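Naming follows writing order (A, B, C, D, E and F), and every chain is counted from residue 1.
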């Protein structure tokens, strides 16, 4: 159970209702996912998070799929189940195949290994890299 | 200073020398980066890591640039300076622009924020996502 | 299921029983929480942890509520569900309102974001700060 | 050295210059700290981060000092030197004494210990806490 | 539910079947654990991980039990339930007693505390240690 | 520079001086390492940490060397340079060879990789393991 009372779509009012409607329209979904209903307990956090994500995830020099893949990779490194599942689904909708997901996971695994090898051996940064 | 004696290119022999040569040829570089010279203290780890990275980072369903971006994102989440710098350089060689890097960092930041929002609020996984 | 046999209140003897009694009296609760019953598998760890927490969490320059809020913030950053739930409850007993909790979570989220922005950009420490 | 070109106060233009001026005025400081000059490489991230922090850190149910203490605690858990130093300074300006800082660190240490004890023993969440 | 389709022993073919058989024979077990059936979704990752673990965990200067204890300690620090449970079982098979496990957990807890004390206080590395 | 004033051996008085003397005598060293001089800013934390470490690291079912190896492995996973260097030195004094250290690092690397594979694939805990 979440730590604070979730705001159902029925009970949403004012700013929260408006953002819920925007989320459903923008994402082309019929129900608001738990993440948004849960953080709606704090309407300011709901609004700031939605606006920030819209800005950060919009098409730029990186295409939307690549951006989702990066999001999934961070969520895997942080072991956040909800985030792994929801952003994997979002990535699939944007074209991620199972094969891509497997390659992504393999990289996440290796990066976590070599990150620790670097710290364990205390590898010095090459002059070239500074 | 690294925690174990680094193997210089001059002192490299046998398996280590062979891998050093392969690294320089494959990566088209003139000197072996510190990471490889440092983990060469353990030739088995050197060999396993090089072979694994070759397999994981080769072109697949994900192109090599996307793979490097994912590597950088994990390294940023783990705060590994060497890994951030070396894989950013590798990504640049494969086409990453400064604009892409900025967008990548913005996602890494936001993902780390929403990962913690999810855990803090104890958001429940939507049935749809299971 | 815990990884080692939990000590029920009925089976508690000697040092463990004494600490269980102290916990209930100090905290004004009727049953010993799972955390204590579980680590009681190792009476030395039980005793050291209880004594350390008593020392660290006692009223000092920081009031007990502020101390609990800090505890919750660390637990959220580490994604420890049990710790989030138990220390949130403790904080509520010491006066934390839902509004405070929402503000706390918002800070935890932002701090985790800017911590990663700092590492990703490799921001240099200002001379003033050293 | 930062991974992207820092924007000096002299070179700041348009949106960046405006935010730099706001930072100095709001914080009553004469020079812009490295964090802001570094993330100014991405004006959107600069603006979003400044606005978000203003919202999150403003006086609410939690007073500004308590908010800074929470920020410091998260930064310590994430081992982010810049963030520890800059938010400790901010906390001092808002009234944090050395004694408070010592108590804060003691809690951060203990919370990191007990978070791991909980995960290591796989403590079950008490029914009461769900 | 895992994020990708698990490969049951019945459906395993070719390289995957061969590795499944090797796992059962080497480990003297009758069924393939979920970890291997799950990562078998990516046969290359299955093979690389099995081979790497065989190399890393084989008897060397450190005996197999000590190696498992180290594996458990890392898994506890990363709060990975599956890894804690599976490597604890492996350690038990190699001779770990409950008393050893309790001592191990106590160290994991303390190390996580002092690691954060070091970062919080920004302790400087002694000249002697560099 | 540490975040709080370090207590030099000359300035140590009372409880702090006594613990400094005990540290030097117990560890058979001539100077107090920075860790202890730094946390001595908070004599209660100094005392609690020293006492706790004495209890946790004493010979038990696990021998002192194995205990140090576990400490090093946790510190590597947390990327704590000071802790890696100081506990590696302590481990060397207790018999750790360079070969052991290399094997230890290889395990730390692999464990960090497989921990993330487990979370990325969302591997389910085998019934046998619960």
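A few comments on the model shown:
Rule of thumb we're sticking to: a contact is a pair of C-beta atoms (placed from the backbone, for glycine too) under 8 Å apart; a residue touches a chain by one contact, two chains touch by 3 or more.
Quantities reported herein were computed from a predicted structural model and do not represent experimental measurements.
Graph distance from chain B to chain D, where chains that touch are one step apart, equals 1.
For the pair chain C and chain F, chains touching both partners: A, B, D, E. Comparing the CA-atom centres of all chains against that of chain F, the greatest distance is found for A. Taking CA atoms, the transformation carrying chain E onto chain F includes a rotation by 180°, reported to the nearest 5. Comparing the CA-atom centres of all chains against that of chain E, the greatest distance is found for D. More contacting C-beta pairs link the chains of A-F than the other of the two pairs A-F and A-E. Inter-chain centre distance (chain B to chain C, centres taken as mean C-alpha positions): 35 Å. Centroids of chain B and chain F (each the mean of its C-alpha atoms) stand 27 Å apart. The mean-CA centres of chain A and chain D are about 22 angstrom from one another, to the nearest whole unit.
Those residues of chain F in touch with two or more other chains are numbered 1, 3-4, 41, 44-45, 49, 52, 55, 77-81, 84-85, 105-106, 108-110, 112-115, 117, 119-122, 130.
Shown here, the protein chains touch in all possible pairs.
Put simply, chain C touches chain B in their complex at residues 76-77, 79, 81, 84-85, 105, 108-110, 112-117, 119-122.
Per the touch definition, chain F reaches chain D in the complex via residues 3-4, 41-42, 44-45, 49, 78-80. Contacts from chain F toward chain E in the complex involve residues 1-4, 33-35, 38-39, 41, 45, 49, 52-53, 55-57, 60-62, 66-67, 69-71, 73-75, 77-78, 80-83, 85-86, 89, 97, 99-100, 103-104, 106-108, 110-115, 117-126, 128-130.
Taken in their complex, chain A has these residues touching chain E: 79, 84-85, 88, 98, 101-102, 105-106, 109. If you check the complex, the residues on chain D that touch chain A are 1, 44, 48, 52, 55, 130.
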